[in-house]
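Here's the structure, in structure tokens; my notes come after.
Going by the order they are written in, the chains are A, B, C, D, E and F; count residues from 1 in each one.
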Amino acid sequence: MRILLINGNTSPATTEKGAAEARRIAGPGVEIVPVTADFGAGLILTRADNVLAAHAMMVALAKHHKGCDAVVIAVSTDTGLGALREISPIPVVGMTEAALLTACMMGGKFGMIVFDRRAEPVFREVVASHGLTDRMAALKVIDMTVADFADPARIAVLTVAAAKSLASEHGADSVIVTGGTMAGVAHKLQEQIPVPLIDGISCAVLHAITLARLAFPKPSSGSFVAQPIERPKGLDPDLVEFIGRASNRE
Amino acid sequence: MRILLINGNTSPATTEKGAAEARRIAGPGVEIVPVTADFGAGLILTRADNVLAAHAMMVALAKHHKGCDAVVIAVSTDTGLGALREISPIPVVGMTEAALLTACMMGGKFGMIVFDRRAEPVFREVVASHGLTDRMAALKVIDMTVADFADPARIAVLTVAAAKSLASEHGADSVIVTGGTMAGVAHKLQEQIPVPLIDGISCAVLHAITLARLAFPKPSSGSFVAQPIERPKGLDPDLVEFIGRASNRE
Amino acid sequence: MRILLINGNTSPATTEKGAAEARRIAGPGVEIVPVTADFGAGLILTRADNVLAAHAMMVALAKHHKGCDAVVIAVSTDTGLGALREISPIPVVGMTEAALLTACMMGGKFGMIVFDRRAEPVFREVVASHGLTDRMAALKVIDMTVADFADPARIAVLTVAAAKSLASEHGADSVIVTGGTMAGVAHKLQEQIPVPLIDGISCAVLHAITLARLAFPKPSSGSFVAQPIERPKGLDPDLVEFIGRASNRE
Amino acid sequence: MRILLINGNTSPATTEKGAAEARRIAGPGVEIVPVTADFGAGLILTRADNVLAAHAMMVALAKHHKGCDAVVIAVSTDTGLGALREISPIPVVGMTEAALLTACMMGGKFGMIVFDRRAEPVFREVVASHGLTDRMAALKVIDMTVADFADPARIAVLTVAAAKSLASEHGADSVIVTGGTMAGVAHKLQEQIPVPLIDGISCAVLHAITLARLAFPKPSSGSFVAQPIERPKGLDPDLVEFIGRASNRE
Amino acid sequence: MRILLINGNTSPATTEKGAAEARRIAGPGVEIVPVTADFGAGLILTRADNVLAAHAMMVALAKHHKGCDAVVIAVSTDTGLGALREISPIPVVGMTEAALLTACMMGGKFGMIVFDRRAEPVFREVVASHGLTDRMAALKVIDMTVADFADPARIAVLTVAAAKSLASEHGADSVIVTGGTMAGVAHKLQEQIPVPLIDGISCAVLHAITLARLAFPKPSSGSFVAQPIERPKGLDPDLVEFIGRASNRE
Amino acid sequence: MRILLINGNTSPATTEKGAAEARRIAGPGVEIVPVTADFGAGLILTRADNVLAAHAMMVALAKHHKGCDAVVIAVSTDTGLGALREISPIPVVGMTEAALLTACMMGGKFGMIVFDRRAEPVFREVVASHGLTDRMAALKVIDMTVADFADPARIAVLTVAAAKSLASEHGADSVIVTGGTMAGVAHKLQEQIPVPLIDGISCAVLHAITLARLAFPKPSSGSFVAQPIERPKGLDPDLVEFIGRASNRE
């Protein structure tokens, strides 16, 4: 089985971090195919960055889906999730979507750690878009400086403190560590935390395997039917051809 | 890996149906361990039946968990989910919980088919308890008679009609077929339906495998910590011992 | 008129506290019939304890309902409320349900005091199950030690402080003091608090009297119709007979 | 005990209907004191009518509260409920508020029958203002002509049909019959309906008795504190004096 | 174009403050027609005051609407909004309604500053009545003394501090300054605040101009149809005549 | 004053329809500057089309904003609204956002007409994203064929029927006619409909004028602060420069 891991940031280093965590959890018999966006921001931060990344990820899916069984969106705001799911002939899972649904299976309420104050409202919108706002105990922002990002030990200290506070003060029954660049961090810090510490990449890879095994057909009804672009103009030809093809439900 | 499949109905025939679907999807290397409740209703229908089944499933978990890696609740109202998750040292997944979370990964809204008018409000409460009411497009009741249950062809006709209506008239992007006794039906009817047709047992088995692989520790904080029963009276000794042990987080 | 007061804890001392408060408010002409659960936890704390208590309370209702006009559930998580209401030929009121509805009649928003950190999420689920989450101003946990419970003066000090804070800082227009073991405490502390201090037992007794007077028939439609257990196995014979009888709507 | 029943319509005939049902349920030892608004609409239909009635009911409360123990608002849109509760030294219950809370104690979901298409959104707003929208199964409008109102047999036929439909098709576990002019109708039709048929007046009278017995103090904190009118101009002197007095919490 | 600005407080000084801000924003070609309520409280604070003001504003509308193109309610709890909208042949906008809708167009979430602790729940109810509770980041109360109100410099300091806190700590993307007496304050303090500071009067005047230009007809269906008062008693003859006329949709 | 009207469809004919309605309502002294997207779908239908259009509209804003005072998004799914608002130094209004907020000022609940079955869930998501789901009475789909679109008389008949049904059967107090290609239709059909018939373009133009007059500063706090793209790659240079500039808050 092959899982396509699409990073919407144009930074290959981040792609590699995600791929490493994906390979750790996937186990033998599953190949991870990492892909980096061709255009857009090196680090997705704003709503504008997300629009650009969604476009770039659609192109990446068109160019790299062949031979893959499922897709993981390796951007923690689940950028382009609806559009990719719509045009893709194979299942698509967002990394934060996957983390949220896994947190639901821990029961009760989840906490969330976000590493940029600016991203807080966007993450709240992501949770709301899945209909899960009422299951969030609290969200904590660790407002990272560039220096903090270069210092894994400092990230670890701040993350452990935030996770402990979410568990003990806010009653979180599990804690989601967001961020594509944080892939693998949860796994390393788990033993210091009294509740499950959830990482989106590992959850998304396993849920993608599950969806590939369930082997549902591409829908031919509803709002996720693929449909050729009406009179396309100025677009990547691979993307135009892909969406056309997908709508024929090959 | 071994998955414990607990049927809260006291009917071994229903247990076998669920086990067959579980084995079909689990694949090699995963053993399904089916267990039937020792006391309660032969067919769970009412709120009262559910209370009795929840107790019986706690006892079944205590007696049969040894050597298993995760638990599937094979009752479609997810009977006893919170209590079992609390006392169990290994992950627990409800079959309808699993179906709902899988439906979320199809995107958009799901429809639901329920095979007993009386069970409708209980299923609505289950959906609400997961916080997912806003993602339900519609729920359809097929009010089965005993004759209908004995006639698989008739069940198929009614189920296909309901699923098609949910997709085309209510805009459902996927449809959940509830009911432990319906295990395997969705898989057989899928090709007639334009959207994914979701069966709780197969989803629950795959999600249980995912949780076993993620290997989160039993929480030592929050509302799912196991805790010995305070001054127990008149209870099954295996259950009392199990809950005591679990609270020591072996 | 006779009101059956069922305590799901197996501790007769708690039953007596509730019965005393019930008798204080009931006034002449109303007899309180207190009953203690036969099996389960001495003190209900966990979700598992609640499942066991719900079963025990169903049995207690079956054995003791004769000659009574209404039932009060004297466990503050309203354990088994849905199941008991379903099988009972006479009205059933939960003590926290009663407190919540009384708080609604005070107008505005209510505060809630809970005496065990672990119980906080369970109480939030109880409030949500009644659809009243938006009317809760705030919930405060007083995390009691065993020593605190043995020291009524200390309980009083902590309760008064929490209630005052809920009124002045959180804008609560009334405050609910939860807990079967706290029965009567609200009444004693009322004069120190600037808003109504609400006790579930006294509210439940008066609402039970109201329902008995309104004398609605047992429903023969909807999800609270009593229905015999399908092929019962391993259950208390009184319970089986009772549920059968109730379904004949005597 | 004396219960003040304030009708905000300026029609004494409606007041009498409500008073008759109130006396039927109140039982011995409870005196019903019916009062009719001095100004406003003969029959409250619109939002404008409601504003006028709220003012008139404040004046009526000021003039007639002496010697009473609790107040029932005998207008089925609970006109003026917040304002009357604020200025009144004794408890105030709205007739639809009382019906809704009683319906909650029946468990599950309630249906609602409204006798004027125009009033439908206002009743939906009343239900929402109590936070209970999610517990409403459905609302049915019987769009009455003047001829219908003069024909009790026709009202009965239409009401029974609507209530049966709410129970069987919409899954209502109870049905509220709204309308001050419908007082007593539910009681007469109950035996034809498979679920409890709830009348606001009778519920409000019994809940008012309950609140009088609970004897909570007038709040001195929160949004229902009475407070003298700042520089009053052009108002009924009894009202000005009453609000002044009430704020002294006699 | 002429905009009728109705102040429900009986204080002409407050009317003038609102009129000044209205004139500042309205620009040439728009005449502001300020009117003060004839009866009620000098300063509206309580729910009771609001009921009285709603009645007084209906009378004011009846007496002063002639020749006007739209109406602004210059009371920040949008007193009487529904009733005035119902009876008025020309569009009606509430000042807080207008501020809320303008805040929505700033994107994200808004903060709110309220200048009286007692008014906090009433403002929360206003926000809820517009369905916008989920878009409020936070509400801050500045509990003003009479001395504070007489000291504009102190008001400015407190308002700036509250607005800055709402933006930086609560993530508000805009901040609404409530209160008819605060008209014009937001405009003066804007340069000190990092997000839009919104004043209800200026928003309401511009939205009223918009509605006048859109020139929708008075509805002849739905819950805002004007309808003569049924058998009016003891009311202002201008009001009775006005409502009668409006219902003929002149 | 100059209003930039950006059409995300690559069809100039649709742009012209919107511009004509915009000019009709704008009145003298306001210049409408219509712009058509450079790349993407000729007719936006799917989620994928929307992602592409959002990118194209960001580029169009970068290239054409100079000298304009506010922006109208002339795509009825408010494509790219958050991203454009974030990067734009001048106010941005979505056409459906504007229609929704105008509908709110009509009071009560609005109906919505959508001209493509597939677009229904997308419009529901738009309404939800503004937090206004509870204010929608109902949504009606007119499933247009290509023939229908070429036949204005047929569109008129279907739209009038849908609007009348929304008003009379679903209790809508106003009706929103969605669709950039429907610009101007509402105005022409208004006289046949008993409630306000709302068109997004005209509302958006007037609200854009209002926002330009209110002249709030670009926020320097919150989630709509413009921020340069981190290490941009493969993007339109005008867009990169524009976002850089905007973040300097010129």
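What to note about this one:
Simple rule for what comes next: contacts are C-beta pairs under 8 Å (C-beta built on N, C-alpha and C of every residue); 3 or more make two chains touch, one makes a residue touch a chain.
Given the structure is predicted, the values throughout are model-derived calculations rather than measurements.
Between the contact lists of chain A and chain B, the overlap consists of C, F.
When each chain is reduced to the average of its Cα atoms, E sits farthest from chain B.
When the contact pairs of E-F are matched by residue number against B-C, A-B or A-C, over half are shared only with A-B.
With respect to chain D, maximal separation of chain centres occurs for A (centres as means of Cα atoms).
One inter-chain figure worth recording: chain C and chain F are separated by 52 Å, centre to centre, where each centre is the mean of the chain's CA atoms. Inter-chain centre distance (chain B to chain F, centres taken as mean C-alpha positions): 44 Å.
Each chain gets a centre from the mean of its Cα atoms; for chain D and chain E, those two points are 29 Å apart. Within chain E, the positions touching two or more other chains are listed as 82, 86, 108, 120-121, 171, 173, 222-223.
The full set of touching chain pairs reads A-B, A-C, A-E, A-F, B-C, B-D, B-F, C-D, C-E, D-E, D-F, E-F. On chain C, the positions that touch chain D within their shared complex are 25, 27, 81-82, 85-86, 91, 93, 97-98, 101-102, 104-108, 130-132, 134-135, 167-168, 171-174, 190-191, 194-198, 202-203, 206-207, 209-211, 213-214, 216-217, 219-224.
Those residues of chain E that touch chain D in the shared complex are 10-11, 38-43, 45-52, 54-56, 58, 80, 82-83, 86-87, 118, 120-122, 222-223, 225-227, 229-235, 243. For chain A in complex with chain C, the touching residues are 108-109, 171, 173.
For chain E in complex with chain C, the residues that touch the partner chain are 120-121.
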